[in-house]
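So that we are looking at the same thing, I have put the structure below in structure tokens.
Per-chain numbering from 1; labels A, B, C, D, E and F assigned in written order.
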């Protein structure tokens, strides 16, 4: 596992994750796992006549998969503190492919812990047409480098 | 499906959802679905020596299941706008049971849409020992009642 | 959880459940879970040349999902005693959407338990073309109301 | 695939299927797949204080798995017509192992189809302590042998 | 369970298994279960521009399902010793249907165990167009018949 | 994605993957997915009296997960050609944790493709007690570096 310290992050840094196609199996399983059985997730006939014309993925599914796409780069000295301003911008349909653009937007020391700082990363989830479907700000609590040098 | 309009919500209202036990199957499946394969979710031997002494559930899993517990009460005139101040307070372990206390904390008109308002619901996710493990504020966009009366 | 007592049921009452689209993921998973691996469920090439022209869902899958659609309305004073006359009328294909029409067809006291009665509900499972695919009679054992009034 | 014709069945024949342990993963997945999210299936804390002292498997899960245990012996000239007198006798808990005793109890010609007959098989599902947990009568529609001999 | 002894196998014997359609749900679940999240399995947009024009199934998924197709014929006196010369010949796509041609290619006594011999079975996995997609040699350790006769 | 060329591999190089605990959910799902329903995977009561005293994981499950553990380090210029000498050494039980020791054991040019070579990696899968449970040799076909320098 890699270690990326607080000092290694710079505001303005950004990268794009690999993509992930949201499948029908994902939607059906997530619906069951969380117990959100709304017809716009599970009933194609009902959804045909609705505003989107077909079933949509759960917001929590899109968010969870986006979070996982970011987490593929393990950082052993960081842990997830929370998220701010999670906003569902557009629906995601079965068969859409999402990627996440991640940008460091803020760094600040943790007033309660000398050896940790907060790194804010804005996540912008886009579909295969380049449309933004979800945004959020991830707050990571990261160790400050040892300063041994 | 029920219809609960903006005017039907009152700040201070609260209720508690049913409970849900977080199982090993949930953690294993969620890890695979989102691709977050950190050893503290999937490697019991590694986790034994870590800070928690055993595997922990993904924050996104706890959040998704909490969101689903709330969603069991379908409201046909409300949709999920987003979430604010999602904070991971304590780890959730395999076998823990969570419930969500939901409280309306704020109501405000939507400046962009005459016929909709925002309802803020604070979700406090607690485990079987009454400890808070996760908090968040859900923002729902809700239709304003027709005022036919 | 709601409580609907024996006296609250009336022969002739009926309602229709939400719909549920039967997906390929449902069929594949159910096949594995129950170990029914017949080619008309899992082999599309074989099924093309069969009587239905494509794969069909397991009868137990359709029945289980129909049972779950009914169970979304939890009744805390009722439990499932059994089923009579379960009949597979037409095949259900991947992509079909089912709903259940539920009608109370019979009520009778339980000769062995003073405080319980049996409520018979006929379930008629229909697809998106209005064709009946499955019928059954559900027998619920329901508490008789306390008569406090 | 084997072919066992109507004439090959004899009233009184019986056999016992292999066993299957009902796991927590089975219960969690089945709950989500059918949308039956009752706390006695998914909430261990709630179930501790209930009549059974722990979570129970869904009746439809036990029935489906029992049906699958029987179906492992494929009969190419038989199809499932329906079930009668399905009765839930005892709860099945996570970790219980079920087997099915299958006995041919009745044979009768199909008045509507010259070349088919009905074979009734009584299924008795027992747990690892030999207790009956579920009974049902399976009705198979079976081809009558060609009489070439 | 059947018992097929070492002496019952003859070099040159062959049979063909039932078929199995590889579904999107299979690929998505296998990806998560084993943690192989390469974009040619999970990202349809990326795969469109790749050498195969669409997503492909994992080699381990095709191999596992092929192994399972063979295993449907339980032999109580045989266990799996290993595999030789597993070769991925062609990609398998979502929706392809595979069958396995199994041929006994070699028999030899086990120098370390008097009462066991090795049976080599060549598995040739073919798709619905008759193209070979995977080959392997399965080595089974099989009991030598009791010689009671 | 990284690119590790043929010339970057050296015989004798080795590394150890992260660990993965094999859960009951993994075994149940893999059994269903591949259709290998042997009682030593799915019937705890039967397994108690068998040689291992409890259920065992499928060899294909252990192999697939081991393969996935190795695949977490994506190499964009390598693809999997096949496997040799896969041998099941010891059973893996539910709850065991496996890791894979990977060592480059051979390199050779591909006689049919000028720009590719074969890299042989021996995989030794060990459990939490350090016992070897599975071995195999992975054969990768890797691009030869461009030699631009």
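Assorted remarks:
As a working rule, a residue touches a chain if its C-beta (ideal position, glycine included) is under 8 Å from a C-beta of that chain, and two chains touch if they have at least 3 such contacts.
Bear in mind that the values here come from a model prediction, so they are computed numbers and not experimental data.
Taking the definition of touch as given, a chain qualifies here only if it contacts chain B and chain C alike; those chains are A, D, E, F. One simple way to say how far apart two chains are is to compare their mean CA positions; for chain C and chain F this gives 44 Å. Averaging C-alpha coordinates per chain places the centre of chain D 30 Å away from that of chain E. Here the CA centre of chain A is 16 Å from the CA centre of chain B. Rounded to whole angstrom, the centroid-to-centroid distance between chain C and chain E, based on C-alpha atoms, equals 38 Å.
Under the contact definition stated at the top, the residues of chain B that touch 2 or more other chains are 20, 23-26, 28-29, 33, 35, 37, 72. Remark: the chains found to touch one another pair up as A-B, A-C, A-D, A-E, B-D, B-E, B-F, C-D, C-E, C-F, D-F, E-F.
Chain C contributes residues 20, 26, 29-30, 33-36, 38, 58-61, 63-65, 67-69, 71-72, 74, 80-88 to its touches with chain D in the complex. Listed in rising order, the residues of chain D touching chain B in the complex are 24-25, 28-29, 37, 39, 42-46, 55. Looking at the complex, you find that chain C touches chain A at residues 18-21, 23-26, 72, 95, 97, 128. Here chain E touches chain B in the complex through residues 28-29, 31-33, 35, 37, going by the rule given at the top.
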